[in-house]
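Structures given as structure tokens follow.
The same chain A turns up in both complexes below, where it pairs with chain B and then with chain C.
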Partner chain A sequence: MKNLENLTALELGELIRRRAVSCEEAVHHCLELMERREPRLSAFLEISREKALSDAKEMQKRVDAGDQTLSPLAGVPMALSDSICIRDLKTTGGSRMLQNFHPPYSATVWERLKTGGAVLLGKTALDEFGMGVSGETCAFGPARNVWDNRWALDGSVAAVAGGEAFYALGSDGTGALRRSAAMAGVSSLRPTWGTVSRYGVVSGTSSLEQVGVVGRTISDCAQVLALIRGRDHRDSTTSQVQLADERSSMQGMKIGLPDCYFHQEGMDPCIKERVLSAAKQLEGLGAVLFPVELPIVDLILPAYFAIACGEASSNLARYDGIRYGYSANDVENLQELYIQSRSRALGNQIKKYILLGNLFLSEKENCYNKALQVRELVVQGLDNLFDRCDMILSPVVPSIPLPMEEKPSQLLECYRQSAFTALANLAGLPAVTVPCGYHSEGLPISFQLMGKPYGEGKLLTVAETYQQSIGFSKTPGEVGA
Partner chain B sequence: MSWEMVAGVEVHVELATKTKVFCGCANAFGAEPNTFICPVCTGMPGALPTLNRQVVNYALRAGLALGCDISPQTAFDRKNYFYPDLPKAYQISQLFLPICQNGSLEIETKQVTKQIRIRQIHIEEDTGKLMHHPTQPYTLVDFNRCGVPLLEIVSQPDISDADEAIAYLENLREILLFLGVSDCKMQEGSLRVDLNVSVRRRGSKEPSVPTELKNINSFQAVGRAMRWEAARQIQVLEAGGKILRETRRWDDGKNQGVVMRSKEEAEHYRYMPEPDLPVMVIDQDWIERVRKDLPELPREKRIRYQKEMGISRQEACTLTGSPQMAVLFEQTAALCHNPREAAHLIAGEVARLCTETATRPEDLKVDAKKLAALVDMTGSGRINRTVGKEVVEQIFRYNVDPETYVAEHGLAMVCDPDVVEAAVRKVLQEQAKSVADYRNGKERAFGYLVGQVMKSLKGKGDPALVHRVLHQLLDG
Partner chain C sequence: MKIEDELLERLQEYSRIQLTKQELEIFPAEVGPILAEMDKLMSQKTDGVRGMGSPRVCFNVFREDVVEPSTASNAILKEAPARQGRHIRVPKAVE
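Let's look at the complex of A and B:
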């Protein structure tokens, strides 16, 4: 069998289209890797082996028939986060609460991918209801980083980084997807809020989350975005705005470097050095770099956090043990049914989010409303900022997070680690993360570009140009395997 | 020292849209439990609401008819609380930017004519229904009603007695019915009333803490509940007590309000903006489109009927008793040559038949063309009024064609003087006693004789002719 491991999704798609590789071969390749690596990576919560093989067979027929509706990624094996519903397929949202939940509907993103010819390998692990630092709060155990399995990862990222899937979708509500991608040496793309439908994606923090893409390269991510984006009548927050994702020229691209991020207390010098050196490279490729100030930067994180907790507390209140999901069946009355079902089936981390959210919403004048005001001011401030620059370049995280076993308080850690990712969530901005080197501890390091709403085109231009200039960074492959 | 009542009314009406407010499920009453449900209205993970535009149109209609300001931007909020009939554990409602504000409604009671101000009208979704098992210790939930669109219409505390409250509710109901936005049936729950009642000493500015009264099942019960609650508060205050902020459930059978919960222990709804629905912009064009389509309201109709058609106030009121009645009248009036006669017929006979047969307005299926033909047959003297009454009942009950019916049953008016005279002579012979009574000055005997003549003519005699001939033969 041909070695497909070092291919990007687009390259594999091209081989399939030229019929140099069959869809079934591609799936077999992935299933074999999964067999070897899953015991260590635990990226998947559910592997749909038979379905993947039969779907590949069907897809091959369409390829052989010269089906014109197939996308450039037709037949390429991929993975979906377990927060994305597929009709009649178990969807847990990473929570014991939904351990046996089989949705009677499919997410719009999945329907669009399927139309384009996607072949699903399985559903990947994620933080419980998407709330965490980088995958460690998953109720069924976290996925692990192929580079060093002391670190947890979002499952979609783990699957792509481990070579098991060629691309994957996850939900970026807390930035865990971007942070995981940054630590695992793969590319990620968070589109502008409202460009990709959230219908059928288990809700955590509605106004902060957006379906994100993980791929081996930014070009792969961009191709996936092209398949899933656009107005959806089932999600009225999807925008009518046509996404300007045409690539432009790198020459004269204005990139702002937020001083406050680079000089933040606790900023890891190694990460800082790698990201600044990537910035230098971008300058060499024609970009213009200059320092910028972010609007009310000290309030971004608190505001983001108050809204995240508030929305999560409301969104997760529906898990009451009555219609679906875990239900405590040994209780005497309604109150006990609520208390026991939720106490037993929700994890500790998610309970903290809910409690804080209830507090912030109860103290509305002092907390929640203030957070909403901050969001408005930040959005206004960014309007001015993006008049002067095309995008903002920063590290993805201030430091390598502590390994799984050494984390003191998940919630505080999550708060600290969100320092650079929260702005995109709060203001609905598009962002990409691009691997740019390695930490002294051996883990990959990435930089992040955040653009103005609907400014995906310029982000992709810069990220692609950078990746092409350094050459495609391969996955660690059999490292330690 | 005397007391006065200070009360406000909150009305919830279910809108008569084809589909629910945030999903495509049918909005229908009385279906098998849990047959009109989907992932959205049962709050499945990741299912998202999408707003039904017709709901906005209906809200605008109500707002414009009640003289409200329309918010150029309106948004939805979540009201968070746990209850088994609320699958998302929050109700999508409008708190911060309701669609309509600052309206008013004129009411008239025996005592006063006044304006009741309307604070706001907002859109929200209905909840499901709990069905408690009568003997077993469990409860079932029917989610069919989840997501049925509601308008909540909130008045200012401008109401000072039960009659005003009832007048307000009757006017409001009438307007909503004529707007076609709701069927407003209290017994089916498509119109629900909550009251906020407080009292104050006459002349004082400061009313007591209001009590909320829920579960009121008829307009009459509104009156009873208000009077009871005001009396209770006065008693407490006169005894030197304090009124607590609380919600009471009205028990009409026992004629008392039972405490449901005290607000001091606070219901915390943790309102927040609904992130799954965008802010909605309502531009002037949209408002004007709705305004242009506003139907004539019952009050305007009553004025027009009296002014332009010379119809009595009482008949005008009967004719505007329901939109269906008004439509029937207007169509009939337009098709016949005598609108006043049409008004008599419909306000009299048709209304009587509706009551007798307990026909609901929405089931009123009388053909205006046939009624108009009947009006013209009476007007032109083809039949008399007595026959007219018989025919209208036939039209009402069996949808007969009046021409055919009259012809087949030989009901045309008898106008031949010879025939009438023969009938009169026969009656005078047979009724010697009444004739004597009449001649002795008993005027009432004349009426009896007319009746006998009409009877012998099988009710088809021309009344004027019968009168004339009878007078000639008796007085001549």
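Let's look at the complex of A and C:
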């Protein structure tokens, strides 16, 4: 069998289009790697082996017939987070509450990928309802980091970083996708809120989450975005605004460096050094960098968290043991049905989010409304900031999270580790993460670019130019085994 | 902001969740640092600021008032934990 491991999704797509590699060969390649690596990575909750092979056969017929509707990624094997519904295929949202749930509909993002020729390998692990640091709270066990399996990862990231899938979709509700990608040496793209339909995506935090893309390169991520974006009449929050995703020149690109991020307490010096080094490289490529101040920066994280908890408590109120999901069957009345179903099937972390959410929504302090007001102030401040610069560059995380064996409080870890990812969630900004080096502890490090709404084009210009200039490694290869 | 026992009892009631004894013991201390951050949030002056429920302005959507196919009821009912014919079965709600 051909060794396809060092190819990007676009490169594989081109080989498939030219019929130098068949769709079935590509799937067999991935399945063989999954057989070897899954015992260590646990990226997948469900592997669709037979379906992937039969879909690959069908796709090959379309390739052989010269079907012009196929995308540049047609036939490329990929993975979907288990937060994304596919009709009649088990979708758990990473929770015991949905462990036997088979949705009666498919997500728009999956329908659009399928039209473009995607071949699904399976569904990946995620934090329960997408709320966690980087994959630790999945009810069925976390995916592991291919670089060092003491650390958990979002399953979509683990699958791409481990070479098992050529790209994947996940949900970026609390930044777990970007944080995971940063620690795994792969690229990620979180589009502007409202750019990609959330129809068929298991809800966690509606105004904060957006479907994100993980790929070996930013160019791969960009191509996937081109397939999944756009107005959807089934998701009224999708925007009519055209995405400005055309590439521009790197020369004179204005990039702001938020001083407060780089000098905040607890900022890991190794991460800071690598990210600032990458910033220097961008300067060498023609960008203009200067320090900037973020609007009410001390309140971005608490505002984001209050909204996250409030929305989670509201969204997860639907799990009542009645219409779908886990249901306690040893109860005597309706109240007990609600309480026992939810208490037994929802994970520890999610319960805390729900309790805090109800606190913020219902008590007289009313943090939730205050958070919405702070969001408006932040968005206004960012409008001014983006008049002066095209994007902001920052680290993705302030420090390497604690390894799982140290059993940290996931709630506090999630809060702390969201320091630099929260802004994009709160203000609905597009963001990319790009690998830029390695920590002294051996894990990869990435930098993050956040742009103005619908400004994906400039982010992609900078990220692609950087990746092409440094000759990065696309996969970690046979790390550890 | 602090979480006293009585407040925690009410929050469990609102949430329709019953924490275990172990969870009850650690919850107040665990969320303490986060609640301290919320005190900072509450001190921000926001007079005249309406607030944004979502990061972008959203508009209501309408469609023509014509009959369109909806999800087949069987497809929905098959996910119900307990059903009776074409109904979802639940414990008695009113005595």
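Rule of thumb we're sticking to: the second predicted complex is superposed on the first by the 476 of 481 C-alpha atoms of A that agree within 3 Å, B and C clash if a C-alpha of one lies under 4 Å from a C-alpha of the other, contacts with A are read in each partner's own complex, and residues count from 1 in each chain.
One rule holds for everything that comes next: a contact is a pair of C-beta atoms (placed from the backbone, for glycine too) under 8 Å apart; a residue touches a chain by one contact, two chains touch by 3 or more.
From a predicted model like this one, the values you see are computed outputs, not experimental measurements.
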Which superposed partner A:372 touches (first chain B, second chain C, both, neither): both
Quick one: classify A:102 as touching chain B (first), chain C (second), both or neither. second
Comparing chain B and chain C in the superposed model, the one touching more of chain A is C
Classify the contacts of A:93 with the two partner chains as first (chain B alone), second (chain C alone), both, or neither. first
With the two complexes superposed on chain A, say which partner A:428 touches: chain B (first), chain C (second), both, or neither. second
Considering only touches as defined above, state whether A:305 meets chain B (first), chain C (second), both or neither. second
For A:330 in the superposed arrangement: first (chain B), second (chain C), both or neither? neither
Scan A:203 for contacts with chain B and chain C and give back first, second, both or neither. first
Per the contact definition in the header, classify A:405: touching chain B only (first), chain C only (second), both, or neither. neither
Using the superposition on chain A described above, determine whether A:387 touches chain B (first), chain C (second), both, or neither. neither
Can you list the residues of chain A that touch chain B in one structure and chain C in the other? 101, 104-105, 206-207, 233, 236-237, 313, 317, 320, 322-324, 334, 338, 358, 362, 372
Within their complex, state which residues of chain C touch chain A. 1, 3, 7-8, 11-12, 14-19, 23, 27, 30-31, 33-34, 37-38, 40-42, 44, 46, 49-56, 58-61, 63, 71-72, 75-76, 78-82, 88, 90-93
Under the definition above, what is the set of chain A residues touching chain C in their complex? 101-102, 104-105, 192-194, 206-207, 233, 236-237, 239, 296, 298-299, 301-303, 305-306, 313, 317, 320-327, 329, 331-340, 342-343, 346, 348, 351-352, 354-356, 358-360, 362-363, 365, 367, 369-377, 379, 409, 411-412, 415, 426-429, 453
Footprint of chain A on chain B - complex, ascending: 39, 42-51, 78, 80, 82, 84, 87-90, 141, 268, 270-273, 275-278
For the chain A and chain B complex, residues of the former touching the latter: 83-85, 91, 93, 98, 101, 103-105, 107, 198-203, 206-207, 233-237, 310-311, 313-314, 317-318, 320, 322-324, 334, 338, 358, 361-362, 364, 368, 372
